[in-house]
Every structure is written in C-alpha cells, then in structure tokens.
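As structure tokens, here come the structures.
One chain, subunit A, links the two complexes that follow: it is found with subunit B in the first and with subunit C in the second.
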Partner chain A sequence: MSAILELRGLEVEIEGLPILRGVDLEVRPGEILGVVGETGAGKSMTARAILDLLPAAATVSFEECTFGGTDFIPPRARQLARGHQIGFVPQRPRGSLNPVFRVGKQIVDTLRRLRGMARTQAREEALNLLRSVRITDPERVYRSYPHELSGGMCQRVCIAIALAGEPELIIADEPTTGLDVTIQAEILKLLGEVIAEHNAAGMLITHDLGVVADVCDRVAVMYAGRVINLGTTVEIYREALHPYANQLVSIAGSLDSGGTPQEIPGRVPNPGDELVACAFAPRCFRAEDDCYGEEPPLVHIGGQMAFCHHPLTSEAVSV
Partner chain B sequence: MGSYIARRLIALVPILIGVTMVAFLVSRGLPGDPARLYAGMQASEGEVQAIRVSLGLDKPLYHQYWIYMQGLIQGDLGFSLRTGFPVAEDIRNRLPATVEMVIFALAFALSVALPLGVWAAVRRGKLVDRFSRFISTLGVAIPDFWAALILVMIFFVFLGWAPAPVGRLDLGASPPDGTGFYLLDSVVRGEWGTFTNALGHIILPMISLGFPAIAPITRLTRNATLSVLQSDYIAFGRASGLRGAPLYLKYVLRNSLPGAITMTGLISGYMIGGAVLIERVFSWPGVGLYAYNSLERTDHAAIQGVVLLSAVTYLLVFLVVDLLQSIVDPRVRLK
Partner chain C sequence: MTGPSATLALTDLTKVFRIKTGAFSHAELRAVDEVSVSITPGRTLAVVGESGSGKTTLARLILRLIDPTGGSIRLEGADITRMKGAALEDMRGRMQIVFQDPYDSLSPWQTVGRTVAEPLILHENMSKQDAGDRVSAMLERVGLSPEHARRYPHELSGGQAQRVGIARAMITNPALVVLDEPTSSLDMSVQSQILLLLQSLQEERNISYLFISHDLTVVRYIAHDLAVMYLGKVVESGPAAEVFSSPRHPYTEALLKAAPRPDPHYKTDQVHLLGEQPSALDRAPGCPLYGRCPISEDVCADTPQELVETDPGHRVACWKRT
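For the complex of A and B:
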C-alpha cells in the first residue's frame, strides 16, 4: 500500500541549532499515525515543516517528501496544501479561533476560500460541518463568539474548519492540550471517527501514549529530532524494538495501573547539545560502546523499524 | 446598549458644568477689555462704561456666570460681540467646515496608517518597516501649520496644482445649499463643478491636518500587529490556508484595531478643537478660525462657546470610541 504522505531525511535548523535531524515517516491511506515523544523531540516541528509553517529563521531540507505521489519539497506545494489536502487541528483550541469573529463566519470564510462556495451555500455547509463534529445545537454555535464556547466546543469547531477543505490528511497537534480529561476522550474519539468518515488519514501528535493506544493504527516514536522507532500500535506496545520506546510504554502502563513508574535516568537533550552517535545512549540501559561511536543502524522486524544497535529482540536483522 | 449610552450621556452633565466654569473664568482672565474693543477706540470713557453696564460686565463674576448658565440651559450661548450674531448660530454655521476637514484628515491618516502599520509589522525590520519609522519621525517632528505652509508653497505657489488657500471654494463660487458640508451637499444636488472645486480646496488642509496623525496610529497598529501575528489564531488561520490580503487586512487588522481606535478618538477630539492654525493658514471658515478671531477680540461668549463645543466633542468622541471597541472586539463589555 503506497503511502499518502512520505517523508525521508527531514532536517530543520533554527539559527544554526539542529531541531530535526533526519525524520523519516509515512502516513498510509486510512490510517492514523501517532507521533509521540517528549517535549522537544520535534513532533510539532515535523508537522509545521510539512505545512511550511516554520519560523522564518528556520532552514528546512528533505531527502524526499511526497504527498499522494506529488513532490512536496517545494515550499509552495506545501503552502498550497494547507486546508486543501491537509487539514490541521491545533493545540489550545480556544486561542486558535479568531476572538473577534463569530464561529460561523470563520467556517464560512474557510469554505469560501477553500472551496469557492457562495455565501448561502457555505452557510449550509458550515452547519453541516458543525453537525458532523457532533455539535447538537449548530445554529447556536454558529452564532457564538469563541469566548462564549467551552474549550471542547472550540476544538470541535477547529476540527470542522480542518474538515472544510475536504483534506486527505488531518494533522492534529496535541489536540487535547488544556481540555478536561473527559472532554479529551470525546475529542479523540471524534477525531478518529471523522477521519474515518471522510476517508482521510490522520497524523496525531501527542506526548500521551494512552491517547495513541486508543486511536492510532501505527506509532512513530521521536527522540531528539528523529523517529527512532516506528511500528503498529500493537507492536510498539507489546514488543517495541527501541529501548526508549519500550520504556515509554512501560511508564505509561504503570501510570495507568496506578503503579510507580520506573523513570528514565538523565534528561532529554536540548537542541544544540553535543550528541553521541545514538542520542539516547547516555540514558539507555542497553548502551554499549558502539552506541557512542557508530550511527545506529536501521533495523526492520515485522512491521517495525528502529534505529538501534541493540534492539530488544534476539532475531533483529540489520539492513 | 441604549441604556449604556443614556447613562454615559447623563454622566457628562457634571463634567460639562465644570468645563463651563473653567471656560468662563479663563475667558475673563484674558487681557483686553471687551467693552472697549466693542465701543471702538474713539469712544469716550463714559460710552465704554455705558456699554459695560449694558453687557452686564459691571456685575460681579458669580452673577455674570449665573446669567450665562441661565441662558445656557435654554441653549443660549450668548451673543458674539464681534459678529453680532448668537454664538450658537455662529458655531452652527462654521462647524460643518471643520467637521468636513477633520473627517477628510482622519480618513487620509487612517488609510495610510492602518495598512502601513500592518505591513511594517509583517515585514518587520525590512524596508517598509524602516520607511514607516521614517514617516513616524517626520510626523512627530513637523508641526502641522508648518507642513501646511510648505504644502501651500509647493503646490500652490510653485506648481500651481492646488487652488489658492482662501477657504472652501474658489472666490466667487457660491456654496451649495443644504447641510453646510459642501462635498456632501454638492453630490446630493448633483453640482459636480462645485464638488470638484470643494475637493480641490480640501486636499491640502486634509494632508496638513492628517499627516501628524499618521505617526501615532501607524506605530500603535504596527505594535499591535506584531503581537497578533504571534497569536494562536493566526497560526491556525495560516494552517487552514488563510494568507495574503484576507489574512492581513481582515483577520490580523481587526485584532490590531483597538489601540488605533483609541488613538484616533484622541486625535479627532484634538482636531475639532485644535484645527485653529490649519484653518488660519487656509482661511478655512471653520470653528478654529472663529476661535482664533474671537480670542483676538476677547469675545467672551464666543470663546466659552468654542471651549464648551470642544469639551462636548471630546466627551462624545470617547463615548463613540468605547462603543466602537465593543463592536470591534465582542469580548469588550459595556458597563
């Protein structure tokens, strides 16, 4: 199955500091790919690079970037994809809607811009979109200003806006940040449902592995500006190849079961820190000399891939 | 909103009473004897004294104020000793000229300052930004009346493009009937010759009065825009495909407006009361020129009338500013 979005060797530098150091990932049609990692791992930067929304000071380079078969390396192509091929769901939904315009107007403007609709037609469609994100009183929400709505409601509106251009891929960047826990679950469920209903694919950026388990088909685990482990959700949860991914999962597991998590020693490197060959080596319980000296190889096992000298399996085959 | 406006208007009354006192005292403190000026230089001391008595100037100040207030309550601002007309009528005749000029000056200033402010913020540190700073410095450094004189010199004296600075129309041209707003009246009546004539006359006053206003509005708009550009809603708008003119002139500018609105209010209040020098340069028959001439003749009632008008304008402008703020930003509540 050919990927809808394919990224190889995405590198981003901001003012000389490497932020992304060769990100490889792909999103397949119909799936939801979870992108997880701690703060600073480069998850949001990856999303912003895909939409050419990085700060002006950033320099970006790809080895490969295609979307539905078309070349996505030229910035113009990525800019034009915003809203059209790629819908975006933001973090902090309340701050992401323009405070001085009514919600309905913001959706109508989006529809007119992305789909060239006439005003009356756009109004109808806006109400439909609000219904499609399970808003029970779309007329009221349509007439509301963002500050009159709850965070969860604002996120539903943002999802409606993301859907307005009938995108093939929806990128959600920490979509549940700042929402109540009960609302978080609803929003995630909704995201999964609308992505399926619109025959789109999804890319869900989060630092919460529990979130991933609920809605994602595959998971990319990022560390220090790279995807260090990628596999199906089941694989990553049961038998992650990379020690880092493995430990993240067990921390999430023990948090869920109320136990005391075994924390990973050390801290996440900041951009610009001196890195050894495998950036995770200083914190890794399996690290040996080669982890410090040689670039970790790409290992494939089952559906998984990982960059690791000592993956957590006996049958690892180096490629 | 209606009750809010009503409450605000009622709250104006004590302020205005205070203003009348100040205006009254200040105009009495001016040098010059109105009775002498009125009677003329040849009049004898006895005649002047008779006039003084007939004008009530011999009475104690509190009594004079009392008489003034009694008239004011009935809308009587007193008589101008200089023109011989009721001050209310004088002002009513001259106000449209000033208001027309102020509206043009504000429109000119805003149409330059708002886009320039947004543009300078978007291209921060680039050429436009530096240009906007240059314009701002210029606007602060150049007094409006001096700019007016220079403009007259260039565009009337040297180039001959502008008409002579002799009022609102060419000498001999008859003003259109109606409200006293010549441009409006001439359009309503279809007198296109009068319209172009009046338009030609208003351009230089508009630029001279409007130019100094560009600086503060541009700066406020630029700074507000800088923070709006950093906001989550603009990031989300961009991610949803919003860009170019709709992004900047609609989604960004609308959020950058509050500061500019307050500043424009301040400036317009100042302009109505303070267009004195510009009106003088262009012989513009407005309230400013009226105030200037009245001051020269220690014309108490007229001076008080103009000060009161200026105060009322200021206060109303601030009411309008608050209403506009609540329209532009729905989160602003009127209390």
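For the complex of A and C:
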C-alpha cells in the first residue's frame, strides 16, 4: 500500500538548535497515524514542517518528502496543500477561531477562498459542514460568536473548517487537550468518523496513550527529535521493539491496572542538550557501550521499525 | 466514613457564590453543595469530575482560603470552619497543598532553599539558619540534592520543580495534603516518578491525601477512595476499586466509559449523556444530571437526590440505582 504522505530525514534547526534530527514516517490512505512523545520530542514541529508553518528562523531540510506522489520538498508545494489537501485541527479551538466574527462567516470565508464558492452557495455548504460534524442546530451555531460556544462545540467548528477544503489528510494536534473526558470521547469518535466518511487519512498528535489506543491504527513514538519506533497500535502496545516505547506503554498500562509503574530515570533532553549516539541511552536499562558511540541501526521486525542497538525482540525479552 | 479518627471530615460543606446578572439582580451559584466526605490517616481520597464540578472550590474551602457558606470542616478533630487569626495560622502547618503547575507555584525570585524553608519560618518560628538542615534533608527525601537549595525555579525541569513543591508541602509534617492535579502538566515518564514519590511519602508519614484530578488513569492507580462530583454535588463515593469496577450513578458510568485506556483492545464507549454540562446557574432543583441523564424520569427534575449507601462505604445519589 503506497503512502499518502512520506517523510524521510526531516531535520529542523531553530537558531542553531537541532529540533528535529531526522524524522521518518509515512501516513497510509485510510489510516489514522498517532504521533506520541513527551514535551520537546518534536511532535508539533513535525506537523508544522509538513504544513510549512514553522517560525521564520527555522531551517528545514528533507531527504525525501512526497504527498500523494508529488514532491513536497519545495515550501511552495506545502503552502498550496495547506487547507486544500491537508486540513488542520488545532489544539486550542477557541483560540484558533477569530473572536470578532461569527462562526458562519469564518466557515464561509474559508470556503470562498479554498473552493471559490459564491456567497450563497458557501452558506449552504457551511451549514452542511456543521451538520457533518453532528451539530444538531447548525443555524444557531452559524450565527454564534466563538465565546458563545462551549469548548467541545468550538472544536467541532474547527473540524468543520478543516474539512472545508475536502482534504486527503487531516492533521490534528492535541485536539482534545483541555476538553473534559466525556467531550473528548465525542470529539475523538467524530474525528474518526469524518476521516472515514471523507476517505481521508489522519495524523493525530497527542501525549495521551489512552487516546492513541482508542483511535489510531498505527503509532509513531518520538524521542528527542526522531521517530524511534513505529508500528501498528497493537504491536507498539504489546511488543514495542524500542525500550523507550516499551517502557512508556508499560507505565501507562500499570497505572491503568493499579500496578506499580516502572521508573524511567532522568528526564527528557531539551533541544541543545549534548546527545550521545542514541539519545535515550543515558536513561535506558538495555544500554551498552555501542549505544553511546554508534548511531543506532534501523531494525525491521513484523510491521515495526525501530532505531535501536538492542531492540526487545521476543527472544531477548525472555532472557 | 466519618469518625473521630478521620484526618479530615466534611459535613454538608457548601459554598454559594452570588453572581451579578444585572443592575439589581443576582443569581446564586452553588459551587459546592452539601458535600460530606472524610479521609482517614494514610489514605487517599480522589475527587474526580469535569471542569465546573467544584473540585477546586472544594480544595480552597478545605484549606480555608475562602469561607464556606454552610456546613463544617474538621481537621484532626478540630472544627476549623470559622477559625480565624493565630489559631488558623497554627492549623495551616497541618494542611498543605501541591499545585498543578510547578513553575507558577514557585516564586521566581526565591531560591529553592528559601521556598522550602518558608513554611518552617512561618509555622514553626524557625530562624533561616536552623531551617537549613531540615531543608537539606527534605530535598534529599524528594530526590533532589542539597545543592538544589541554591538554585532558582527557572533552572529546574518540570519534574524537579514539582519535587520542590512537594518538599515545601511536606516539610511541616502535615496531616493532610491537597494534591491539585499534581501530575497533569508533567511528562509521562516523570509522572510515574512523582506518583511513586507521593506514595512512598504517604506510607512513611501516614499522611492523608485529597487528590484532585480529571485523569482517571492516575486516579485508578493512586486512590483508595473516590468521590465523583457533578455541578457541586457528590453523586457517588466509595472505595475506589469498587466504584471503578461497578459504578452505579449514570454520570460515573458515563465518565468511566468515556475515559480512554492505554489498551488497543479497549474501546471507549458511546457516551450516552445528552448534550454538555450546563451552567451551574440554571440547575434544576432535583438531580443535577436531570436533562442529560439517559434513565431520568419526570420526578428527577424536582426531587433532590440524597446519597444512599448501597454496599459498605459505597454511596450513590440516584433513586433508580439504590
């Protein structure tokens, strides 16, 4: 199955600090790829690089970047896709809507710009979009200002706007952070449904392993500016090859079952910290000399890939 | 649950805010409505609920940062509901808090040592010099080194800053520590370190925790007892394991089913509550969940629901489930 979005060796530097140090990932048609990691791992930066939304001071380079078969390395190509082929759902829905315009106008403006619609036609389509995100009284929401809507309702509006350009890929950056649990469940379900209904693919950025397990088909685990492990959700949660991914999942699992979590010593490195060959080595229980001296090799087992000298393969786990 | 041995016992604790709605009119917001819970030494009571449920107001009432409208608060048997002045200041050393945001809750102008020494200076009339040894020992106990005493908050990582917040709370040997979402701004790998630290401090010192959180995964791990709040009311309470395995109130049920779990074979359930949480201002006189509840009947609209014990210690405020 050929990927809709494929990234190889994405590097981002801001004012001399390496933020992304070679990100490899692919999103396949129809799937939702989860991107997880802790603060500073580079999740949001990866999304911003794809949309060409990085700060001006950033320098970006790719080894390879294609979207639907077309070369995506030139910044212009990524700018043109923004809103059209790629829809974006932000983290803070209310902050992302313009507070001084009614919600309806904001959707209509988006439709007119992206799809060149006439005003009356855009109004009809805006109401359809509000209906497609399961808003039961679209006329009222259309006439509302963002501050008159709840957080969950604002996020539905943002999803409607992301759908306006009929995208092939929807990137959602922590779309439910700050929402209550019951609303979070509704928004996640909605995202999954609209992605399927529009025959699109999804990329869901989150730090919440519960959210990933709930909606994602595959998971990319990031650490210190790289994807260090990628595989199907079941593979990552059951038998992640990379010790970091494995421990992260097992911490979440043991908290959930009331067991005592393993401790990962130390802390996540900040951009600019001195890193050894494998950035996780100083915190890793399997680290040996080669982890400090040589770049970790790419390991493929089953549907998983990982950068690790000492991956947790089944025979190694039993030792 | 209430008894003379409880560290903290709340009886019908109520806080009503008057909200101005016009030049001559106001409305009443019952932020905390007749809450009765208690915590015994060495145990953790988790208070869960969504935003606007009154969790944080409850914490502020208990710590006497705001004055209750009604009901009573007893800390180690002493009634502190209306306590004032020096008597209240003396009690403050017995009850401490750890805040959600570790950076915001530390003074940027004070060294870590000074921050951790402050409760000793305030509540135990210690001099700065005498406090030094206690501070060093406390910093080591929470996993920092005595050298950290000379640092400023901006020189610390999030996990280290939260350890400082914990050291400050624990240094006066309090009986009760309120933990207001203490791990929600921390990374996952650091979260478990802090939870393990809190747990070992509790075992060592027999502290009671009031743990406020919306993260049910963390609550599942740390709580002994659980109180579920909705629009200022406790709708269900009891031993945490029991409430998690057999929730009775429709709201608890919806909350637990909606919470994602880190297991790809577990899928969150269709949330069967209708609409979103209304404002506490226009609440029906009866059950707070009326209007959203899938099993409600007309009588629920104006019949207040009292907590009724269904199993030992397990109480539910829903006539259809008791």
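Note that the second predicted complex is superposed on the first by the 310 of 319 C-alpha atoms of A that agree within 3 Å, B and C clash if a C-alpha of one lies under 4 Å from a C-alpha of the other, contacts with A are read in each partner's own complex, and residues count from 1 in each chain.
In this text, a residue touches a chain if its C-beta (ideal position, glycine included) is under 8 Å from a C-beta of that chain, and two chains touch if they have at least 3 such contacts.
None of these values were measured; they are calculated from a predicted model.
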item: Touching partner for A:Ser96 - first (subunit B), second (subunit C), both, neither; value: first
item: First (subunit B), second (subunit C), both or neither touched by A:Ala185; value: second
item: First, second, both or neither for A:Ala213, with subunit B first and subunit C second; value: second
item: Partner chain(s) touched by A:Thr233 [first = subunit B, second = subunit C, both, neither]; value: second
item: Partner chain in contact with A:Ser2 - subunit B first, subunit C second, else both or neither; value: neither
item: Which partner reaches more residues of subunit A (counting touched residues only), subunit B or subunit C; value: C
item: Touched partner set for A:Leu248, first subunit B, second subunit C, both or neither; value: second
item: Which superposed partner A:Ile264 touches (first subunit B, second subunit C, both, neither); value: second
item: Common interface residues of subunit A - those touching subunit B in one complex and subunit C in the other; value: none
item: Residue numbers on subunit C that touch subunit A, as the complex places them; value: 50-51, 157-160, 187-193, 195-196, 214, 216-218, 220-221, 241, 254-255, 257-271, 273, 276-277
item: Footprint of subunit A on subunit B - complex, ascending; value: 231-233, 235-243, 246, 251, 254-255, 328-331
item: Subunit C-touching residues of subunit A, taken from the complex the two chains share; value: 38-39, 150, 152-153, 180-186, 188-189, 207-214, 233-234, 237-238, 247-249, 251-258, 260-264, 267-268, 283
item: Interfacial residue positions of subunit A with respect to subunit B in the complex; value: 51, 53, 79, 82-84, 87-88, 90, 92, 95-101, 109-110, 113-114, 145, 147, 158, 161-162, 164-165
